[in-house]
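Input: structures, listed below.
Presented sequentially are two complexes of chain A, the first with chain B as partner and the second with chain C.
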Partner chain A sequence: MRQVSLFRAVLVFLSFLITGTLLLAIGSFFMVPSWSVVWENLQSPELLFSLRLSLWTGALSTVLVMLFALPVGYTLSRFDFPFKGCVKAIVDLPVAFPELVLGLCLLLCFGQSFLGKWLQSMGIHVVFTQTGIVVAQFFTALPYAIRIMKSTYDYINPRLEFVSRSLGYSLFETYVNVTLPLAKSGIMAATVIAFARCIGTFGTVLILAGGSAGKTDTLPITLYLNISYGNMGMALTCGIILTIVSFLAIFVFEKAEAGL
Partner chain B sequence: MKRILVIGLVLGSIILAGTVFGADLKVYAGAGLIKPMEEMRLLFEKEHNCAIDVHYGSSGELFGLLSMGQPCDVLIPGAAKYTLDALKNGWIIEKSIHKLVKHVPVIAVPKGNPAHITSLENLAKPGIRVALGDPKGPAIGRVAKKILAKNRLAEQVGKNVTVLAPTVNQLLIYVALEQVDAGIIWGDLVTWAEGEGKVDVVTIDRQKNIIKTIPTALTTHGRDNAFAKDFNTFLASSQGLSIWKKWGFEPCDR
Partner chain C sequence: MSFLEVRQLSIRLGAFFLDDVSLSLGRDEYLAVIGPTGAGKTILLECIIGFYLPDAGSIFLEDRDITHDRPEDRRIGIVYQDYALLPNLNVFANIAYGLKKQLRDKAEVEQKVLEMAESLHISHILTRHPETLSGGEQQRVALARSLVVEPKLLLMDEPLSALDPRTRREIRTLLRTIIARTHTSIIHITHDLDDAWALADKVAFFSGGRLQQMGTLEDIFHRPATSQIADFVGVSRFSGKVVDSDDNGSVIRVDELILHSVDPAPIGSNVYVALRPEAVRVYRREPRLCEGGTTLSCKLTGMETECNMHHLVFQTGETQIPVLMTTNALTKLEPHVDDMFFVQLDGEAVRLCREI
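Now for the complex of A and B:
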């Protein structure tokens, strides 16, 4: 009995230790700058531009990510087909990829390649543009959303779908009227995580969109640029906004997960 | 097998921690100087049996770190301006400043020069894609802006700029991967990539160019550090200069 409680005490202690260290690290972010500097920076056109850019590119990328995550997650959860393992591994790959590597891959793919030139002839310029930001965010966030959607569908009992099918509904009708409503919390969680991932994407956007100040600098890039300018006040302000966005995202995610 | 792995990991982290925390000397150097600096660091460490921790960053970043009071004994930025500004703020010991080598801007183009760039004026041709450094970040960004202004090309070339890269190395990648037709970059940096056959160099006329010098200097923090004094002198010694030359830098006239 005593041994068990010791075990428990050590585990609880470790959890508190790591939480305390994290809290200290995040807290120091908020303690270092003076609030007048943060307030001043919050009103600067440079920061407002990158905040606006981050929000609209993040929102657009999230919508695109979900448009693909819903069907691909369902496919991986419900259907068996040749090379399924292969598809799953490749779709998942960007999770383990360093963002800079993914950025280089996308640069080579959408740059002066066959695909890049074809897109350019249709008037779509990906490299060094705001379109590039969306493309970079899309590929960075997609695997996370697919993973969450797949495990959401995995938890939905297929018998409910069989019942719907046996009552004469088509596969599509069943998906829309039975599966999707049951996956509501998962969709919510995937959307929130995808959005947070899009807003926070750094390396991929830096390489593909170039990270030009006043053109393709989303919040993480503005943070990085201001570190390289030696302007710590602005860098910390960007950091604080990003921290708040992540915090809200995790909060909503936890809420959605509780509803699963 | 597992045990060996664990022991290896532990030893590795101890050695790593030792080099980071136990450094006898802390140096800040411009990111574009990494190749010669690393060679000189290894040589100096071996000869003096000490550990040096070099932080590489854009000149603006190094200046920012100094302004926040981060410890640094020897400062070698990408252009003399940063050392002189630091001197004005009282962070540098004036007597310790040595001019080292020249930093010469050139036009880098992808292998084979697909857009046929032969001069600075060519960068203003319609449809040319130009990459420049961010004027507020790396030293090369500020210099490129000044060169274009000096030659009254700022506006026309400005229209062709497709990307303002936050670091020199990113600039080099975009040229080498043919994502742009040309970029203004340090000549010494290009000699390494040129050796690998990725980019070609178009020189800028001397009277149109702005050539910078790279200085080394002791900071007030490193005043009493004997290693710092020796390292500062070593960088400017004939042995040091031969290493700078090997990596494509031109020594300053004495």
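Now for the complex of A and C:
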């Protein structure tokens, strides 16, 4: 007779309990609204503006994030240098930071500090602008992408790079010829997660770029503003779009992770 | 100056280190590096190839100091135990990888790859990817990739250890043939002493980050300098005193035994006697006395079988004499524990060594 372990039964029950609760919470988006209202909202200029703004800022931020995550992740994975631990901790810090605190830090940095003043003198305005959205998204998503890329590089056998160098290729050529092709799945995963984080960033964007309707209102901000107005239909429509983006991101991430 | 010269090399990488290592290698020479795990053997290779910069010391290749040269500028190849084939490239592309950096002409690259594949018997797998290959095939591809660029020196880090015994023998034969053809100098780390017996001109023994002994096969396997090396290479060591000596050899007293050795030594000196267990002959009946040898009456006290070889232990007085025998020899002898036998040691089997 098959023995039933109480411990195992409790673990499985807890897993189902939490999954069911999450599913119910996510499913509420799709159960509560009237679909005709959702369809109507999807065509509203306000939502289309937010969607377009979220997509292009998210895409631009993701490109910038990956441009930094690829080399920084490689550096942290492969090289030892003084204060490496500090660099790693500081790069990781935004993961643990509340978004609002990160937003406040960026607001002070780009508004009050010498860097902000210098950028303003160069004609680059970050605070309460769409540029600010990109900056906020960039700093929010960057640590996640760096973490994924570092894990990806850690997983690649350094001996493959050693052999490449012994066969006459420089460090950079080896990175391009050997490391990057082998990091393909990790790059895909980091890109998708970075894009999802950029699209979903709320607190940092709200503080640094403001929540001006028709100017800096990305999807999460439109969702927040419409809840404030009591326009639940629009808020739910934004929520559905963000949920779909997250689902797609996790799906692609899982696929990429399986390929690692 | 030698082809390769390592001078007073020291490096510490976490728990692994090398301490004041100096060695030299001649052109076309084959050096087997042996020693226990964690002895610093792999770090030595990775310093020579340039993956790590030593804390102290220098490395000269063809009279040129290459200590600070980049790995890509040294023309030193490496083959790892796990082969390190690029998984995203097929066999052809793996072999051609280094050549493409050297040659612009695609036809020339292809010709050289095909020639190397032919000599290593892997022409039929050129379109396959590494994960579809057997260990032996992967090893040949890794060798082809390293040799096709004609390195000045080839480093091999336990290249045969993941292969089954039959494939290992095949690759050894292939390696001998191709090295004789390409005239490549080689440093080969191995745990398998058969690799050293079959391939090496010189052997270096490392332990605790230091080079403990380096010499010919004869030096290491017949005259190990320390008891640690003796244990590692399977030699029995006894301490004794030289009681007689001339140009033809010496007579040594070991406890109550009198042994004859072909090695001369000063009379009265304390020496270590090294005895290779496979060089001992065992008889049921007392054999004719061999010139310059020793015959002892012994009792068989233990027998163990390992890899089709049989380890027997004989006792005479307080001294134990280990003997290694093939199955064929054992079958003829029909030994049983506690039986009495005659053990004969000729002068060639008894060698003298010094403790360092």
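Keep in mind that, in the parts below, the second predicted complex is superposed on the first by the 254 of 260 C-alpha atoms of A that agree within 3 Å, B and C clash if a C-alpha of one lies under 4 Å from a C-alpha of the other, contacts with A are read in each partner's own complex, and residues count from 1 in each chain.
Convention: a residue touches a chain if its C-beta (ideal position, glycine included) is under 8 Å from a C-beta of that chain, and two chains touch if they have at least 3 such contacts.
Quantities reported herein were computed from a predicted structural model and do not represent experimental measurements.
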TODO: Go through the superposed model and pick first if A:Ala96 touches only chain B, second if only chain C, both, or neither.
DONE: neither
- [ ] Could you say whether A:Val163 touches chain B, chain C, both of them, or neither, answering first, second, both or neither?
- [x] second
TODO: Would you check which partner chain A:Val178 touches, where first means chain B only, second means chain C only, and both and neither mean what they say?
DONE: second
Open item on the list: Touch test for A:Gly210: chain B only (first), chain C only (second), both, or neither?
Closed with: first
Task: chain C versus chain B, contacts on chain A by residue - done: B
TODO: Spell out the part of chain A that touches chain C in their complex, as residue ranges.
DONE: 157, 159-160, 162-170, 173, 177-178, 181-182
Task: Residues of chain A defined as touching chain B within the complex - done: 104, 107-108, 111-112, 127-128, 206-207, 210-213, 215, 221, 224-225, 227-232
TODO: Give every residue of chain B touching chain A within the complex, in rising order.
DONE: 57-58, 60-65, 67-68, 134, 136-138, 162-167, 170, 173-174, 177-179
- [ ] Over in the complex, which chain C residues touch chain A? Could you list them?
- [x] 46, 49-51, 70-72, 74-78, 80, 82, 84, 86-88, 97-98, 101-102, 145-146, 149, 151
